[in-house]
Amino acid sequence: MINKIVRTMAEAMAGIKDGSTVLIGGFGAVGQPDALIEGLIEQGAKDLVCVANNAGTGRTGLARLMELGRVRKIICSFPRSAGSVVFEELYRAGRIELEIVPQGTLAERMRAAGAGIPAFYTPTGVGTLLAQGKEVREIDGRLYVLERALKGDVALIEAWEGDRWGNLTYRESGRNFNPVMAMAAELTIAQVMHLRELGEINPDHVVTPGIFVDRVIRVDRGPEWA
Amino acid sequence: MINKIVRTMAEAMAGIKDGSTVLIGGFGAVGQPDALIEGLIEQGAKDLVCVANNAGTGRTGLARLMELGRVRKIICSFPRSAGSVVFEELYRAGRIELEIVPQGTLAERMRAAGAGIPAFYTPTGVGTLLAQGKEVREIDGRLYVLERALKGDVALIEAWEGDRWGNLTYRESGRNFNPVMAMAAELTIAQVMHLRELGEINPDHVVTPGIFVDRVIRVDRGPEWA
Amino acid sequence: MKPFSRAEMAARVARDIPEGWYVNLGIGIPTMVADHVPAEREVILHSENGILGMGPAPPPGKVDPWLVNAGKQPVTLRPGGSFFHHADSFAMIRGGHLDLCVLGAFEVAENGDIANWATSENDTAPAVGGAMDLAAGAKRLWVVMEHTTKDGRPKLVEKCSYPLTALGAVSRVYTNLGVFDVVKGRGFVVVDMAPGVTFEALQERSGAKLHLPG
Amino acid sequence: MKPFSRAEMAARVARDIPEGWYVNLGIGIPTMVADHVPAEREVILHSENGILGMGPAPPPGKVDPWLVNAGKQPVTLRPGGSFFHHADSFAMIRGGHLDLCVLGAFEVAENGDIANWATSENDTAPAVGGAMDLAAGAKRLWVVMEHTTKDGRPKLVEKCSYPLTALGAVSRVYTNLGVFDVVKGRGFVVVDMAPGVTFEALQERSGAKLHLPG
């Protein structure tokens, strides 16, 4: 019997190696896999490349992982925001690498990785600093930049419901990067608010089919998210 | 008030021009917009390029459109199948052009058109007849073919439910090419089994958001499809 | 001279958005545009984080933590709204499905170039977010901004001095002093002026030649 | 010599599929493989037209017209199954998410090349369907086919004579006479033989050198 549901955070985090590229879902706090990030802090992997929309805020979660010196590089669209104090300290001190990627290119590069597309052309960023050093090509009279797929070793995502085959649904704007990252990583770990019996999720409503998911762990974020 | 729902087939077909590229959804009979194809036959546009998975069967629908001499070219993955008599006659007589595209490349080329990606690299077809004349490039030690976006002037699709903003859901394997084609055309026309009030479709369950849809017409395919 | 207030600028933009358009509103004054679209005129708001049909902020005590806009503020969803993931959301943007995007900017050049994300080439940790995707992808890009910087430097310029967001993307600019079309081969064409503003006063505060319509 | 029947070939393939694999089965003998996976072993079947968790054909009178497989035959969905669109379906295929694809073929070459879609270069209206995507995309490609054509020509060959479907993609071949691994730098390695078949008889019916394991 296939059973992707794990009961402990240690099982959820098993095998994440030093040097991994870790995709972290969420947009701000919404759809952000807080418990899995805490699990990763506990687990100990270091020299990580983290891919997320933001570079962490405050001193917990991703910011804490960075503060512990475990993140070698961050790939994101919006590093500097209210409360991104840890990132800014590390960045000024030259202790963390940064790759800024336009938000849509970031999403599409991961979708491409998941879909077996190694590279694609996009109009985003043409003529800007973020296209420097990249191939630019004219197609049908317009200029495009060649962007490469961005694959993760691990994806940490949050979903609303999950079952033992790894099927997932999301809630409202909690969907954001999560389904895209689920496709793009070798090992996809989902924290879900609700476990469902197999077949309980309407097959027309599944957003991330289980083929993209390796482990599911139930994490109740509390009544305000219920 | 936005109202994409039209009541007559003439309204649904208004403005389709000679020479249009028409994307036609469905996989076999499932999710195939039969009534819209009949509407197009009636409407009269000719010199069409039709994009569909198959090249029509029997003497109705797409096959009838071809038999009437209205289709200049067909772009599909599987032209020759049981009952594709009209296509085969026309093809042998040199009266229709054919572009064969691997099924996944066909879907991805339309998704790319809808997503503003003019071209992408794919491993599918490398070293085969279907890659002849196309750019091949080595990326990270593997060969890939460059494929171009495939845009439609019109998409004819079938969906399960639709509302006046053009939001759509699909039923089971009736989804197939329909959401991809909806993204890829200038003018997307959907035949739906059920009209819903605005807000009646759960926003988490919408598969094609209305931004991709221009017209919705209710067509009851009968009790066997209900 | 009676410059437009921020609210007046937002209202001026809102006036020009017809029913049925799909619109993405950037952070700042652009966000305020939504409050000035009359309730009976259906304009469908898009948010990069996967929302179509976004509604206004919820009343206090009715906040849904799962529902925020691109600025991470709580919002609501109108009947007919929908949710989707980031790749689909930016497919809508990049694929040219949005009728309009409204952004703020540091500078707009007379050829439509926009600079709105980084203040110097050495500022290697700026925050681009979805600005480049929106600027390159939407059918139309309108900019709302103050006419000059706080220290009086013009923001309508011949050529942007800040790092670019997109080339030739802006078609209209709303400032506290006026409204300008960006016309290919011509430059900034004055469409409207704030009460008491003269063409000469406008030109004086601009870094590129202004044109009268016609 | 007692060649495997079609059902035995399908059963032989099924025996080698472990629980938990995501598998796409092509038209013909590959489709029959599903019937030979024991009910208690969970193997998740994928269909190009947007299905995961495909189940067997429905009993007569229980046909759901919305639910067909890639061969357009009525099927069922197992609890835990899901539906998605064609671009997502081929993202699964091209992205290497399928553990296995099983296809029929006209020819397989000792370097793993497969030809299974067109019978001549001049056959300009053949039907490729999803074969090229599956052959290039799945983690493993196994082929099930008769060992020779009806007129006795070998289908295991040094080099394919028919137009290729994919380069170097096949890792295993099941025929009515035996089972063969395709080993890089070595070629066809005999893993199993049908009852009464000798290595010499197999070699005689093959167009490329066969190897014994080890």
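Letters A, B, C and D mark the chains in the order given here, with residues in each chain numbered from 1 onward.
In this text, a contact is a pair of C-beta atoms (placed from the backbone, for glycine too) under 8 Å apart; a residue touches a chain by one contact, two chains touch by 3 or more.
For each chain, UniProt lists the protein as follows: A, B = 3-oxoacid CoA-transferase subunit A; C, D = 3-oxoacid CoA-transferase subunit B.
Note that the coordinates shown come from a computational prediction; the quantities given were computed from them, not determined experimentally.
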Intersection of contact partners for chain B and chain C: A
Interchain centroid distance [CA atoms averaged], chain A/chain C, Å: 29
Whole-Å gap between the CA centroids of chain C and chain D: 54
Gap in Å, rounded to a whole number, between the CA centres of chain D and chain A: 35
Sites on chain A at which at least two other chains make contact: 108, 111, 115-117, 122-123, 170-172, 175, 203-204
Per-residue multi-chain contacts in chain D, two or more chains: 77, 83-84, 87, 90-91, 93-94, 137
Chain-chain contacts as defined at top: A-B, A-C, A-D, B-C, B-D
Residue numbers on chain C that touch chain A, as the complex places them: 47-51, 64-68, 72, 77, 83-87, 89-91, 93-94, 118, 121, 124-133, 136-137, 163-167
Contact set on chain B toward chain A in their complex: 108, 112, 115-123, 139-140, 142, 144, 148, 169-172, 175, 203-205
Footprint of chain D on chain A - complex, ascending: 1-2, 111, 113-117, 163-165, 167, 183, 198-199, 201, 203-204, 206, 209-212
In the complex, chain A residues that touch chain C: 27-31, 77-81, 87-88, 91, 98, 100-108, 110-111, 122-130, 170-180, 207, 224-225
Complex contact set, residues of chain D against chain A: 19-20, 22, 40, 42, 44, 46, 52-53, 77-84, 87, 90-98, 137
